[in-house]
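What follows is a pair of complexes built around chain A, which joins chain B in one and chain C in the other.
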Partner chain A sequence: MAKVFIFPTTSLILSDLVARFGHTPLSAAMQIREIIQTPGLESPPLQITPEDPKKGLRWAAVEVPSGVRGRMSLYGPLLDRAEAAIIVNNADYSFGCMGCARTNELLMFLIRKKGIPVLDLEYPANEEEGVEFVAAIKRFLDSLPGGRA
Partner chain B sequence: MKMYTPRLTGTVTKYVFVESPEMTPSDLAIRAYEISQGVMIKETCFGLQVTGKEEDVNRIIDSLRALDPTRIFVKDRGFPPGDPRRCRANLGGARPGYFGHEFEMGLVRFISRGLSALPSRKAEDIPRPPAPGKGERLDAARLKEIIESQES
Partner chain C sequence: MTRVRIAQLSCGPEYSGVQKEINDAAEAVDAEIFFPDLKLADIRRSFSDFGLDVRSPDLKLAIARAKALVEGRVEADAVFIATCFRCAEAAIVRNELRRFIHEKSRLPVVSYSFTERTTSGTLLTRMEALTTIARRRALLAREVQEGITMGVDSGSSTTKAVVMKNNRIIGTGWLPTTGVIESAENAVSEALSAAGISRDEIQAIGTTGYGRFLVGEHLKADLIQEELTVNSKGAVFLADSQHGPSTVIDIGGMDNKAISVQDGIPGTFTMGGICAGASGRFLEMTAKRLGVDITELGPLAMKGLSQKVPMNSYCIVFGTQSLVNALAAGSTPEDVAAAACHSVAEQVFEQQLQEVDIKEPVIMVGGTSLIQGLVRAMGDLLQTPITVPPHSQYIGAVGSALLASGFIRRE
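Showing the complex of A and B:
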């Protein structure tokens, strides 16, 4: 069973398909759960404190805006655990504000730099593309360690 | 700053989405209540939220998935249901995060079709999706030209 980083990190479709085909999806929800279940100082809504941009220095340089470093403290640990990644490129809803957009770009760069197997896809627009989309994900997941191939 | 004491520690929450002509969220909720054994079930307009110990939640979800395997979708949720930082009862208006669900729920029928059609097709009959296009990028020399034309 491999740990598969998914992008968009909140994707229902990717999270479901990765779990359905026998692997562990690494989604933002898991990291948020860990943060909000840890006691500390109250900092709603996501319990991000001034310490988090400092933690983000592990993945982003000090010149990088704190908004990006703070977000990287959330996604970085997922990236470290990732053994493979599935990226959907035309997920416009993940664009968000400038901090989110730049964090997404940094994430894409770090995933490719890490050298893990990556599957690049686009969301399906019809039923036949749906078959292709699911088949491509199944083929990719089956080829990973612990896959069914 | 106040100290923060988390609630429902050691639990996981999962969303269960159903997009089926044969099953409604309330059908799913009734089935989930029957087997819940103390696990928190919350019925929503799109399906359910299930909160409890991981092994209990997984047991319920495996059982629910079996009802309509290609049309029930599951994902993790970070916050428990009713958390004041996310619940609409406290915030007023739509809560952040549903935009992504709304977008993907418009596409899950294609995924359901893929999941149901895949086992009956031979491997060589399944086309591979095209590699995503990179799009045309602005050439650095052209950017320099634009900057210089604005400065002069």
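Showing the complex of A and C:
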């Protein structure tokens, strides 16, 4: 079983697909749930406090906007644990939406720099492409250590 | 109107850990922040219609929300636009949305670029101004001072008091702020003595400035109001420009305000926030280093040429260093004074005036408006004549006294 970073990390569909094919999805929902369930300073809606952008300094320098560093404090630890990644480019907002383009660019770079197996996909535009989209994800996940292949 | 509803258009505050600070600042002025709900199809259409092809989905959402507010599909009393400091993409969106909302609706709007260090205290005056504009339009429409009223402006550097009677200033008091209440008491005594009336004759009192709450409570003020709306009102009153557009610039001791005003009511405004190198405090330090009184700095600067001395630092320490270096290199006090004025004006111009639409007349107010060199430098940068109304240093106190008269008959 492999730990698979997904992009968009907010995609519940992608997270569900990874879990269905026997791997552990690394998604924003898990990370946010952990933050919300950990006792600490009350800072709704995500319980991210001004300390978190400072943690993000590990991935982005101080001159990088606080929103990018705060996001990296969420996604960076996921990336650290990732053994594989699935990237869906140009995804529809309803599939999963990542708010900040600069964070996305940094995440893309760090995923590729890490040298882990990466599946790069375009978001499907019709049913036929949708079927192939799911099949490609299945083939990729099956090929990972602990996969069904 | 009881609770003011402020629509938030933003990218990043929840990830910067400052959303709670924004909510707290709104809560402190009995307002609530909300995020306009939109359908996914509306987001795509609105974003596309607006025509600014940004990459960040949160900014696309902000654009779609702004369209919904302007088109009346979502109701709000005011708009707060917030994006990350140092994000170029967000800065473009922030400016364009502020301009778009200002031009296409009557909603008061303020924009702010935050860091993780932004606190509710920093945002409080801005939120208070937003809610004042939304809540007190009738009061802000007042153009004539009636009866006998007093205004007190408890600023970070100086405390000012003004007594007005039947639309005229009849007494003033101006002192450096030391103890907040003591300074206010002394300024009030000075103003009353100059007016030749007793405290019992005052029919209503208004307070503004940093110490407005403390002083307001102490004086049992009828009106305690932030300086953005009060100064706008005072500025157009004194400049006899109550109707139509105007721009008010107030370079203060601790922060600067640039306000785009329509019929005496702020539409958009910025409040910095930059650094002490762009404040009245830097000019005080310059005067001290040159060995002249602050009142002499303006005439001195008028005799000098700013181009002869390189000085453009945001930081008061580095600015002072440039000043010392220039004097050591043989520059004249006149040129140094002119350069200091130009430096402050240039930074306000670059950092703040880009965020409001400059419309004539441009009215400079506050104590620094008495420094002619600064007024000249600002006029050169804006390429427009600057109006400095009489009693411009008492602007907050005059605005307070004017608005307080609305309480004589309980408007």
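Keep in mind that, in the parts below, the second predicted complex is superposed on the first by the 142 of 149 C-alpha atoms of A that agree within 3 Å, B and C clash if a C-alpha of one lies under 4 Å from a C-alpha of the other, contacts with A are read in each partner's own complex, and residues count from 1 in each chain.
As a convention for this text, contacts are C-beta pairs under 8 Å (C-beta built on N, C-alpha and C of every residue); 3 or more make two chains touch, one makes a residue touch a chain.
As the structure is a computational prediction, the values presented were derived from the model and not from experiment.
*Asks:* Aligned on chain A, chain B and chain C: do they clash or fit?
*Replies:* By the criteria stated at the top, chain C and chain B fit after superposition, with no clash.
*Asks:* According to the stated criteria, A:143 is in contact with first (chain B), second (chain C), both, or neither; which is it?
*Replies:* neither
*Asks:* Which partner, once the models are overlaid, touches more of chain A's residues, chain C or chain B?
*Replies:* The partner that reaches more residues of chain A in the superposed model: B.
*Asks:* So, A:129: does it touch chain B (first), chain C (second), both, or neither?
*Replies:* first
*Asks:* If you stack the two complexes on chain A, which partner ends up touching A:65: first (chain B), second (chain C), both, or neither?
*Replies:* Touch partner of A:65: chain C, not chain B.
*Asks:* After superposition on the shared chain, which partner residues are touched by A:19: those of chain B (first), chain C (second), both, or neither?
*Replies:* The answer is first: A:19 touches chain B but not chain C.
*Asks:* If you stack the two complexes on chain A, which partner ends up touching A:45: first (chain B), second (chain C), both, or neither?
*Replies:* both
*Asks:* Is A:93 contacted by the first partner chain B, the second partner chain C, both or neither?
*Replies:* Touch partners of A:93: chain B and chain C.
*Asks:* Can A:28 be said to touch chain B (first), chain C (second), both, or neither?
*Replies:* After superposing on A, A:28 lies in contact with chain B but is clear of chain C.
*Asks:* Tell me, in angstrom, the smallest C-alpha to C-alpha distance between chain B and chain C in the overlaid model?
*Replies:* It is 5 Å, taken between the nearest C-alpha atoms.
*Asks:* Could you tell me which stretches of chain A are touched by chain B in one complex and by chain C in the other?
*Replies:* 42-46, 93-94
*Asks:* Given the complex with chain B, which residues does chain A contribute to the contact?
*Replies:* Checking each residue of chain A against chain B gives 8, 10-13, 15-17, 19-20, 25, 27-33, 35-47, 89-90, 93-94, 120-136, 138.
*Asks:* Which stretch or stretches of chain B touch chain A in the complex?
*Replies:* Residues of chain B touching chain A: 1-6, 8-10, 12-13, 15, 17, 73-79, 83, 85-86, 97, 99-101, 103-105, 107-115, 117-118, 121, 126-129, 131-132.
*Asks:* Help me check something: in the complex, which residues belonging to chain C touch chain A?
*Replies:* 11-20, 23, 40, 43-44, 54-58, 61, 83-87, 89-90, 114-117
*Asks:* Any idea which chain A residues touch chain C in the complex?
*Replies:* Per the touch definition, chain A meets chain C at residues 42-46, 48-54, 63-71, 74, 93-94, 97-102.
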